[in-house]
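Going by the order they are written in, the chains are A, B and C; count residues from 1 in each one.
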């Protein structure tokens, strides 16, 4: 029994279909509990008022925006090294979810920033980094769409993902250097002083777990779709070849 | 020096096209590939030339020995005949381009820009590149396209000369070149579609 | 390798376009800037280093889609891939040729265009130095983008979309060095970072470009 068994598309489909209902339900529940708790049962912040509650959308979305790219990086590496098709398709499936998470993080950030900083957008390092991340997602998705041969597309996009990761990290440092920023420090970190107040952290954790499960469910679902689309394409090509 | 291909399986666009191809090409011999259009001759040649990996099988003896001539000649229209050829000569480390120019009757055209050549003349220039590569195994894809009868004879002479000096040639063509060559019809090696419940198969 | 470089340079000179177009585009972008932001000389002199950097970057980008596409169309790439030259060397030489025909003229033209934008006197030196250090990185990164999109029919727009995000660090450090130089501030940190990026991409990027090209040639 090894994890590579799931490199078989059929095995992957069978298993993911069994797991998915659990993931959907639990992620839905956690997100509902976390958001309702967060929105209605936490105190207003003494400085930020009730606007602070957008944190329950903003932080988990930002977390998933980065982790989705990280997951794509790992999946791309697996494809490059072991050439498991499911892995390449999982990377492809994760990209649109990641870009939506990036957009949510950017949009909620703008909505939050308006009352707090008095501006919808500032060229703050964190905001700028997310914008650059958004561009990377855009290029990655566009490259997948542009190439007909699925294996070539998987190869090229995984190399783009690897190279892109290096440049994304570089951009992060460059942007930090370029503008010192307005954004508050990390919402949750090991450094206690920086953390958000306890009243907020519990629903925030719940939301984050909910978003993670939601992401996994989405990726399973979309990978399944990609596998089937790929199978249809292969069957059509095969029919053409036989004709 | 001999090129040995065993049980080769090649794919185009992710689909296997030919399988079970085996042959041996010793020094001094030529092998003509035949088969209907679209069967995968070009794919097979590209695979042997090292441009794409085979799905299965082994190609032995070809490392750094193969000169490949594709459908297109890789000529730069802005450069003259001599400049085009001299470029490939220096890439492959050949001393002189004169023998190659002479073999294909291009000496008169040497200062003409390649863009001003006729299709047949371009082809001759493309083929003359094989002579400056100094490599033993020529892998050629439909080399006689747009050549007239005299030029085909020039080409056949060049191949004969190459074989006489211990070279070998693998040529996909439908024209009878008058060479003493073996013929391999790849038609029967058409790949059978994969079984639908094959493992890798999830996709096929 | 030298043969390939000489061939590419000769082609750029003979077929036209190589030297001329990128430079003309740089000029036009720079001329358009005062039309769009107004002729106020204070403003122009403040944004001049950034505008010159952006103009150089765009001119670089403009010529990228011809970098490998021509060799792809006429079959030269197939033949080069089977030649004794490693593909890593081929893409490096291609990038070098692109830099000589596009990047270097941009560096040389930048001071002249700086005059048009009322660039402060101290700025000239640093604009030229930062461009000199940064444009090789633009060419090398651009070659990677060109290799990614070489097989595509209309790869031009996609090429820009893919390459632009990769240009972000180079642009930030390059333009920052030029800006600080123009303001008479210390330029050491951004210049060193810029040089570091250039050195790293020149050393490493050809491997990625060659890998991508091999995949596209299959």
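By our rule, a contact is a pair of C-beta atoms (placed from the backbone, for glycine too) under 8 Å apart; a residue touches a chain by one contact, two chains touch by 3 or more.
Predicted model, so just to flag it, every value in this text is computed and none were measured.
Considering the contact criterion stated above, the chains in touch with chain A and with chain C alike are B.
Comparing chain pairs A-B and B-C, the larger number of C-beta contacts belongs to B-C. The distance from the centre of chain A to the centre of chain C, each centre being the mean of the chain's C-alpha atoms, comes to 32 Å. Computed centre separation for the pair chain A/chain B is 48 angstrom, with centres defined by C-alpha atoms.
For the pair chain B and chain C, the distance between C-alpha centroids works out to 37 Å.
Shared interface positions of chain C, defined as residues touching 2 or more other chains, are 218.
Shared contact sites, meaning residues of chain A that touch two or more other chains, are absent.
Chain contact summary for the complex, chain C toward chain A: residues 144, 148-149, 151-152, 155, 158, 161-162, 164-166, 168-169, 172-173, 176, 189-190, 193, 197, 205, 208, 211-212, 215-216, 218. For chain C in complex with chain B, the residues that touch the partner chain are 2-4, 7, 10-11, 14-15, 71, 73-85, 217-218. The touching residues of chain B, counted against chain A in their complex, run 13-15, 193, 199, 202-204. Listed in rising order, the residues of chain A touching chain C in the complex are 132, 135-136, 138-139, 142-143, 146-147, 152, 155-156, 159-160, 162-164, 167-168, 170-171, 173-175, 177-178. Interface residues of chain A facing chain B in the complex, by the touch rule stated above, are 8-10, 85-86, 148-151, 227, 230-231, 234-235, 237-238, 241-242.
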